[in-house]
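Some structures are shown below for you to check.
Presented sequentially are two complexes of chain A, the first with chain B as partner and the second with chain C.
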Partner chain A sequence: MSNLPDEVYALARRSVVRTSRMPAQWIAPLIFPTMLLAVNSGGLKAVTHLPGFPTTSYVAFALAVPFIQGALFATMNAGTELARDIQTGFLNRLALTPLRSAALLAGHLGGVVALGFVQACFYLAVGLVVGVRPAAGVAGVVVLLVFAALIALAFGALGTWAALRTGSGESVQSLFPVFFVFLFLSSMAIPRNLIQQTWFRDVATANPVSYLLECVRSLIITGWNGEALGLGFGIVFAMGVAALALSAHALPRRLAR
Partner chain B sequence: MERPNTIEVEKLVREFKKGPRAVDGIDLRVEPGEIYGFLGPNGAGKSTTVLMLTTLLPPTAGTARVAGYDVVHEGPSVRATIGAALQEAALDGLLTGREHLRLQATLQALPRPERRSRADELLERVGLMEAADRKVKGYSGGMKRRLDLALALVHRPRVLFLDEPTTGLDPQSRSALWTEVGRLAREDGVTVFLTTQYLEEADVLADRVGIIDHGHIVAEGTPAELKAQVGRPTVEALPPDPRIADVLAHFGDPVPSAKGVAVRLAGNADLAAIVRALDAEQLQVENLQLHQPSLDDVFLAKTGRSLEGAGDEEEAPAGLAMQPAA
Partner chain C sequence: MRVLSVAGGVAWRSLHNVFTNPSLLIPQLAFPLFFFTAFAGGLSGIRNVPGFDYPPGYTAFQFVFVLCQSAAFGGVFTGFGIARDFETGFVRRLLLAARKRTGIILGYGIAALVRWLVTATFLTAVAFAVGMNVGGGGVDLPALYLLAALVNIAAGLWACGVAMRLRTMQAFPVMQMPVFLALFFAPVYVPLHLLTGWIHAVAYVNPLTRVLEAGRSFAAGSPTEVGVAFAAAAGLAVLFTLWALRGLRSAEAAG
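Let's turn to the complex of A and B:
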């Protein structure tokens, strides 16, 4: 009988246990995006008066941002954790077992997705507490959580690939500012159609992060929007497949067995 | 039919890019149930050899078979047969000892009902039951090494690789580990390939010793055979009195001594006869010592250097990302 499910579960469990024993690993992804949400919601509330702004609640508009920020933390966590395993030789220990490469990736990312899911529930709960009511209803919340888990998976796979390529936690962490630039050059603070600067609007339109935000935002603000959902899920799916393929390609070289 | 627990190595080579030949065409054979001590200074090629034999590093040339399986072409079979505790005890400081063993048991595909009992059995055996539910980051070096050994034994391997398992351990922990390794070979018939830079460890524990230097095996045999190659024991007496030297000269050829007088014993001469002869001459001797040839003497004879302090070169890097030179 295949041991694959047991392998995946054991490694995912290890990932979750490790994270739970390092409070900084899970408190920061919960607190910092929430703080940024509070600051932005207070400071940019007047933006809702712009003609064409899709909602009267800036909190509802900005609630999408923590979901993406949380994914960035997932990238860092996934990458640095794996890089640590490489640097300490723990990956060698795993390589000496009959463990399948697929199980290693799935188990490692399983823990990342679990954390991403918890983060998404927390952000959603914060939104509900401050009065945000997702326009897509309960089913929309379910889709939102699935989307959040997929984002964590895709970004986590990117971090995993970076760790496998470089073998260095520091190198993985150096990606963090790069991803943040993508976030700030997106429709994070204002809808794309209301961005006055042409270059900024063009960059935000070309930036895939905008579509991830708009997918989340659509479920919260406008309800079921096929185009936004299609683009969001399509991009996260493509990112995830690409990152997983790159990780799967890099893993055998790192395991070298 | 189960294949024998042998290790067979022929002309094994490992080169690194922009580096020297870490292992340069070694041949060796380890018999089932034997403890083979692989002795050498840092940088001699010990760890690189272990990495190749455990399938973690592909050889540049040559062949190696572990338990009858080729390390290059039958990696999964080799890994299913072996256990390994590598140079650094690669443990997760945030997991407990018991969690490590459960994880290892799962990844080694032990049947579910057996995982818990096997973990407990090994914790008991290596003396970590009381610390089983403590995070490993709080373990001492000796405890980490014992846990590392337990992890290597989870799936009852037939061949065990231990890469400098006692480096940095206190004498008590070292002795406990020796006892356990000896028991594994004697009672369970496990073949043990043990690298070490400690002469005493190789001398006490190993059935046979291979001495490696600069990637070459420079001597191989039982500790007694190797010492016999160097020569007979020496006897050293203090003070450096010419009359004592005259008596000693009846028992062997004089050899240099920094503090007293010394001879290399010839034929059947023994210490008791020397004591009687000195007593008969009524000579006052402050100190009389019999020096058996040591493995360091063997290393000195074979390489021109003493093993103690010979490891001033860097060990061949063991990272897995490195590529063969050609």
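Let's turn to the complex of A and C:
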């Protein structure tokens, strides 16, 4: 009987290989957020002239967005892949093996985190090429990459839970607009203190995505900001734990032995 | 007459599908509203940017963009429906049955326009309900909607041409991405004169920039660039009519 690390490795490798063989699954998460970054940083450059705007470079300000957008793609990919495994009967065949449930979750999410890490490196490289220099330095970049991996894990676990609950790729895909609403109703385009519509500022303040963005942004623009880092890591940790617990709860029903 | 009867049948079927299927109808109404909320609400501070001067306010400024965006995507969504009809075999049966096949394109075009008119009515009602100010009068505002309708027709014909050539739902990104880029490479958040660098150069030659600038001038009640904007929108509609007709020939040849 194989041990847990071997099982996790085999499933994570399968997840990574499968994603790498489907260009649409990894090209879109790289290109689409980068394109939106280019469009928004060009169109909203004038916003940096607003009194109180934290930087003179809108690209530096907006660079946080692809990290979160990439995580949304991770959610969709993780959920859609698992739903396909359910629909094609792969999960049922796994149920006939002595594979542990924990290994299935960890292996599946391992692939998602690997893709999330590659995405984060790509966005960071794009930022560096266009002249963004993270204020928190090299150590900040390391923290940023760890944070990006955690975001991919938390959002990937959410997608996994959706797939386990519904067993349908289409249902998982239908979550995308919901996540997109969360992204747009946050401090994505402008700092919260500069949002003039009170109701929108309140929504952005209540929206956890704002704090994820501000955590990434703090490392790029302001340097080490304990409050922003604490809130960002706290939220992503809470999200991850909740999503993993929900997935772990839903898995035995799908993996009926 | 034969063209009109084919067009009427195709349009009725397409509209019946949309208006009896919540999964098609709700996104069509919700997405423009969502973009309007996110842009007009979240970015209203832009009106304080030095050099930004638009008397009706930022809500009206963004309303014009979202109206044009809903028009363009209304056309693209109709293209999605055509691709779906190809995959289910409906268009192939239609090609066999229709005496005048150009009526098929006309029918999908009418459906796209009616779909968008419903969205535009809903969006306009919401915009006025939240206190949008407009300076335009009895001629300016209809001109704004006419301009957006031309954008809807052009985008619908573009998507129709793609669907007729590729005949698969996998063509969705090919229909959607160029329209998305054309829209967002225009002055979305600030007027053209406040854009700088490469985005200004791209926006300057983008025909949709003229449409947006003229549309915003209609909403402000001081029309500018009207002739250029209508020429650009009508030119796109004519160009994509030819594109869609050639696509129809391609679908006919494929059998």
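Brief remarks on what is shown
Here is the rule we go by: the second predicted complex is superposed on the first by the 255 of 257 C-alpha atoms of A that agree within 3 Å, B and C clash if a C-alpha of one lies under 4 Å from a C-alpha of the other, contacts with A are read in each partner's own complex, and residues count from 1 in each chain.
Keep this in mind: a residue touches a chain if its C-beta (ideal position, glycine included) is under 8 Å from a C-beta of that chain, and two chains touch if they have at least 3 such contacts.
Keep in mind that this is a model prediction, so the values were computed, not measured.
With chain A as the common reference, the superposed partners chain B and chain C fit together side by side. Applying the stated contact rule after C-alpha superposition, one finds that A:246 touches neither chain B nor chain C.
In the superposition on chain A, A:197 makes contact with chain C only, while chain B stays out of contact range. Contact with neither chain B nor chain C is seen for A:175 once the two complexes are overlaid on the shared chain. When the shared chain is aligned, no partner comes close enough to touch A:102: not chain B, not chain C. Of the two partner chains placed by the overlay, neither chain B nor chain C lies in contact with A:130. Once the two complexes are laid over each other on the shared chain, residue contacts for A:10 go to chain B alone; chain C is not touched. In the superposition on chain A, A:141 makes contact with neither chain B nor chain C. Between the Cα centres of chain B and chain C, as seen from that of chain A, there is an angle of 90°, stated in steps of 10. Of the two partner chains, chain C is the only one touched by A:49; chain B is not. With chain A used as the common frame, the shortest Cα distance separating chain B from chain C works out to 19 Å.
Applying the stated touch rule to the two superposed structures, the chain B and chain C interfaces on chain A have no residue in common.
Taken in their complex, chain C has these residues touching chain A: 27, 31, 34-35, 37-38, 41-46, 48-52, 181, 184-185, 187-190, 194-199.
In the complex of the two chains, the chain A residues touching chain C come out as 35-36, 39, 42-47, 49-51, 177, 181, 184-185, 188-190, 194-197, 199-200, 204. Contact residues of chain B toward chain A in the complex are 54-58, 75-76, 79-80, 82, 84, 86, 88, 90-92, 94-95, 99, 102-104, 106-109, 112, 135, 151, 319-321. Only residues 3, 6-7, 9-11, 14, 17-18, 21-22, 88-99, 167, 253-257 of chain A touch chain B when the two sit together in their complex.
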